[in-house]
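Notes for the one structure printed next.
Chain naming follows the written order as A, B and C, and within any one chain the residues start at number 1.
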Amino acid sequence: MKGISHFISGVAAASFFPFAVHEAANGNPLYFVLGGAFGILPDTLDFKFYRFFYKHDIYIEPDPLRPDPQKIADQLAEAVAKAAEQDEMVKVKLSTIRLGADYWQQYVVRFDPDTQEVLVRFGPVVNTGQVPVPNSEQEENNVGRAKLAMPIVQTYDATTRVDIFDGPTFGFEKDEQGEIVLHFLPWHREWSHSFTMGALCAVLGGLIWGWGALFVIMAGYSVHVIEDQLGFMGSNLFFPFTKKRSQGVHIMRSGDALPNFTTVWVSCLLIFWNLYRFTPDLPYSFSFFHVALYGAIIPMGLYAIALHILSRRDDEEEVEIDMADEWGDSKMS
Amino acid sequence: MTNKTLPGHDKQPDDITCASCGRFVGALTRCPHCGARVHKRMSVRACRYAAILLGTVGLFLLYLMSINKDIPIIKVSEITPMMNFAYVRIIGEVVSDPRIYRSGDRVESMRFEVSDGTGDIMVQAYRDIAQGLLAAGKIPRMGDNVEVIGSLNVSEERMTLRLQSEVQLSINHVELPVTSIGALTPSTDGAVLIEGLITSVKEPRPNSRAPWAITVQDAGGEIEVSFWESTYADILERAQLEAGMPVRIRGSVSSYKGTVRLRLASALDIEFPKSIKGGDEIEFTAPAEMETIMIDEISADRKGDVVETEGQVVEVVPPSREKMPWNVVLEDGDARVTLVYWDKVASFLQDRPPQKGDRLQVRGEISTYKDEVQLKVERADHMRVLNRSASAVAKPMAKGRKTRLADITDAMKGSICTVTGVLGDSRTISGGIVYRLSDDSSQMDVVLWDRQMPPGLRDTLAPGLPVEITGKVGDFKGVLQLVPRQEKDIRILDDGGDS
Amino acid sequence: MMLILQVFIMTLVGTVLSCVLACLPGLHVYNLMGLIVMFIYWLAARGIELSPESYLPFMVGMVVGWSILNTIPSILLGAPDESAIFTVLPGQKYLMFGRGYEGTMITGVGSLAGVFLLVFIIGPLAPKYLPVIKKILSPYMAFIIWVIITYILMSEWPKGGNTGPAGWAKFRDAWKSLGAGLFTFFLSGIMGFILMYRSPVSTEVAFQNIMPAFVGLFAVPWCLLNIISGADVPKQYISKSMEIDGAVVLRSTAAGGLGGGFAAFFPVITGGIGGLLAGHATAQRDERVFIMSQGVSKVMYYTGAFLFFFVPGLGLTRGGGAWIIKGLYTPRSFYEYYMMLGAVAIAGAVSFLMMSPLTRWVIKLMERYNYRYVSIGALAIIVVLVFLVVGGVGLFIMIVGAGIGLIPVLFASRRLNCLGILLLPIACNMSGFGHIIAGWLGLL
């Protein structure tokens, strides 16, 4: 899920603790801030710290002056062959190709388990907003293809697009069936996305801010870990007792609009409801059903109906601006 | 990659590509591809550091400028809406009693009006700042001269000055001469100071929003003084608020249906001197003797009647939870009636709470609750112990009897106890100091009032000191505390356990 | 009838005036409103009293017109106000591909949708529901602000550290922009404390205390960069249609309405923050929705905050416009509320109708004059305005603000960090320790 969804979920988790609400009413925001901060912390640890220290075995850095898709495909195939020969995971970093202050060469990597091949296709030049520069796509020699030494098992998307800022990381690891398991971003959702790390943070927080912080931090952190199980990647739930990332339940993708918005909105309603029920002497009386009815069911229902009516005649494909990075932030700052 | 030149690249400056390998390097000064040093034109790098320099140094200069700027003194009449948010100083006289707004135990705000001769302005302090003012005893009184600094908030309808810190209020308390109550008229303006004896205390009914009203008498006459429950709660020596006690009150005069009254704005405006000038000359009228009826005459038919009766206490049931009343079962022969009263009455019973075996004379209103007839007692002085039971007298909470802190209960409120323990941390309150006393069983606050204890005593007391303290059990906001009355009530013990 | 005519005419005058002035880069409606209020006081001091039916619709027209038409300099001249800094990136893409007119008009359609949302949905519902929400949330405003500060600071994405081997060098490169962002927030927060506790601005114009700082933080850096970089803008095409449909409008209205509405209702939260939160929360992938939602958000923020001031029984003063008008007028009944709602509707319609011709006019201006000269002109206007309203000390504050505002621009961090000027001191005050920090700084 996106950062804001995790963050607000952590805040919502904090709102279930009456002491947090009571302190907030007295002007002390500590517990809510802790809920939100630790709700987003697992991703912060990965994306702002850990990934810069994560060592890769192979760095694939295409030459901006002579970018060659076949060379990238060959290097990836070599990495797979290396993984087939050893028990350790082979970690490969794919770099982006920066052509200028605002231009990047886009390319797509695809592992095909059926043909046991890796394909690399060069797309258009895009700007930092990922908008293609017209007529910038090569018409010839834009696809590289290499045979893989062993069959590959996909655990994430079939294709990976590389364009702006930082490129992705792949981990190739041989499994017991003699296949190579493809791990996408092996540095992500490892130790940082475990309940044990959450517990450690909670204990440290508890020592610093008191027992209330312990519960709030654990709740905020756990909500993040649980939410991440809804996607494709899962996480290493009980590091260091478990060694591998669990498989997500594949309900959603981290950048999907609907689940993210639903999470944010439901969290807001829960926060509102908790503030209401923990505030003494309010002149109003309503139930959670009222909150849900007026805050979600009626407006969302009307919106859905209106959208359905307006979209009926429109079958055109949307022009996407892909904000699929974990934070959806690339064009926001 | 396309061989065409990308839009804008034809005009791209040279210093963003590596001169050695030709790849894009952006703002980097060393090419990440070939390691060659890339020379930049000064302007780009200079801009970055110039911005940081400008931001930080400029901010520091702005800071110096601000803190060295005198805060202007302005006249109220000169304030215009364009001065909204201005940070100003106003010097004037307080012309209204300060009002303190609370939400539960929390102080929400304090406000009072100040006049500088050209106009009036409301001064407001919110939450922590108001709380800080209260804690520091910085509560202005009508007639005081003040200097206030704050930010202006001007709207079409009113203007206010908002205090941003408790240090921004300076008060020069103006001592008022004592005015004879007989000299007070509805046209008396501003604040006055009276001295006299309390002749009656009228407590508001439980859960009522009515104010407290006490009647004060001096040689010139008597006057009713009213104040709100919140003010009552702030009166530290409220145990002395009873008929016959000398009192000094500062308040503002108001009139209701032609009768002159005095309004007390703050708990600091009431003092309980040991004696008052001319106090002996005041003819104090004691409450009339009660007329007794038999308990068996009390029935539901007389619901609403205020009656007096007498009987033996056979049972005392403290409240089981907050806001529940005390229940005292009174027996006379075969007849029984239950007296009910709330904590407010209980807190006034002091050292004479009814106890099992006592002979009690009581006045109250006949009422029914769940079909049971009961007598509702509204005031502490409507209950009089005629004959204290022998068992009650022999109880360990009798004056001077040593007890452990854990054994002190709500039922002992008003009684005198002696406790041996060790002083803990102290905190200063308005008019005194509070020590945390602990023994091996529990902890309790000990309140030492400045007016009851000599000034040097504070210097001899310190955390960790073993002491034996004799005092009255009271409570403040539901928490029990021990209040010694004089210096000799506190004995400092040596290691052997005695001084 | 005469009264209605008077309201109509004054709305029209205010709208047309602000629409034209909105095209000037760097000029903020609150600065103009401040000048107008000063003029009204000047008249009052000479015995000329204007009726509320004259200046209130005029002010509404100003706010609505500006919030809709300011898109033009935001997209075409790259001079956004604080609330438009998110529109600019996608908007400038339209500009660089010669589709600046279309980008502007798409945002304009969003603004019109925002006016519809205000008049037909928020307007009727606000008096009934907003007081309830306010009553429940008002004890908790402090934590809401702190939570938003935390999110702003934690959600910024490292811009560097993309190449090279793992290690500290890569980490340092990545954290350069993040560090600059945090430093900007800290500096602007300190500046906020100074200006709120001990502003050197003269007490006579204290109501514009923060204005020079805002101009310095947001407007001046853009002008300076435009002057320095002197980018060439490609030829702009005037398209006859827009690449949008009803579904896009609906989705934009929902996203922008949430962000702008949030910013209008909560204290200190500006349109920029509302836009950021809405953009993240709704995870819009369609660039058209993104641009249009920012148009909705801007109208919701500026006009909504101003309108909420007049909602009977709400007692909410949000946004610079409401604070400026508060000294002049106190709303009392539904009379003003309906008058303001009507004025919003009229102003919205007029502003949108003026959008196309004014966009064409600015495009012609751009073709005739060098972009760099336009930026120099804008900077000159800003400097003169600050000097006129606040005086020499205002210019000094503006320069300091510009120094701080340039840091995120030059280090590629979020310009939103400059909002520390409001967020930090007010959040500290709400939590009850603002005066303690001010005391540490020696400001008391």
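In this text, a residue touches a chain if its C-beta (ideal position, glycine included) is under 8 Å from a C-beta of that chain, and two chains touch if they have at least 3 such contacts.
Quick caveat, the model's predicted, so the values are computed rather than measured.
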- Chain-chain pair with the highest tally of contacting C-beta pairs: A-C
- Measuring from the mean of all protein Cα atoms shown, which chain centre lies nearest? C
- Item | Distance from the mean Cα position of chain B to that of chain A, given in whole angstrom | 53
- Inter-chain centre distance, chain B versus chain C - centres from mean C-alpha coordinates, in Å: 44
- Rounded Å distance between chain A and chain C, as computed from the means of their C-alpha atoms: 31
- Note on the structure: In chain A, the residues touching two or more other chains are 27, 61
- Task: Any chance you could list the residues of chain B touching two or more other chains?
- Result: 7-8, 127-128
- Item | chain C residues counted as touching two or more neighbouring chains | 163, 432
- In the complex, chain C residues that touch chain A: 86, 89-90, 93, 97, 129, 132-133, 135-137, 139-140, 142-143, 145-147, 150-151, 154-159, 161-163, 165-167, 170-171, 174-175, 178, 243, 245-247, 249-251, 254, 276-277, 279-288, 290, 412-414, 416, 427, 430-432
- Message: Applying the document's contact rule, which stretches of chain B touch chain A when the two form their complex?
- Response: 1-2, 4, 6-9, 12, 16, 21-24, 26, 33, 104, 106, 127-128
- Message: Using the touch definition from the top, list the residues of chain C that touch chain B in their complex.
- Response: 37-38, 41, 96, 163-164, 183-184, 187, 190-191, 194, 196-200, 203-207, 209, 228, 232, 234, 323, 326-330, 393, 396-397, 399-400, 402-404, 406-407, 409-411, 432-435, 438-439, 441-444
- Note on the structure: Touching chain C in the complex, chain A uses residues 2-5, 7-8, 11, 21, 24-25, 27-29, 32-33, 36-37, 40, 44, 47-49, 52-56, 59, 61, 95-96, 127, 129, 131, 134, 165-167, 255-257, 260-261, 264-265, 272, 275-276, 279, 282-284, 294, 303, 306-307, 309-311, 314, 318-323, 325, 327-333
- Touch list for chain B against partner chain C, complex: 7-8, 11, 32, 43, 47-48, 50-56, 58-59, 61-63, 65-67, 69, 71-72, 74, 80-88, 127-129, 151-152, 154-157, 164-165, 167-168
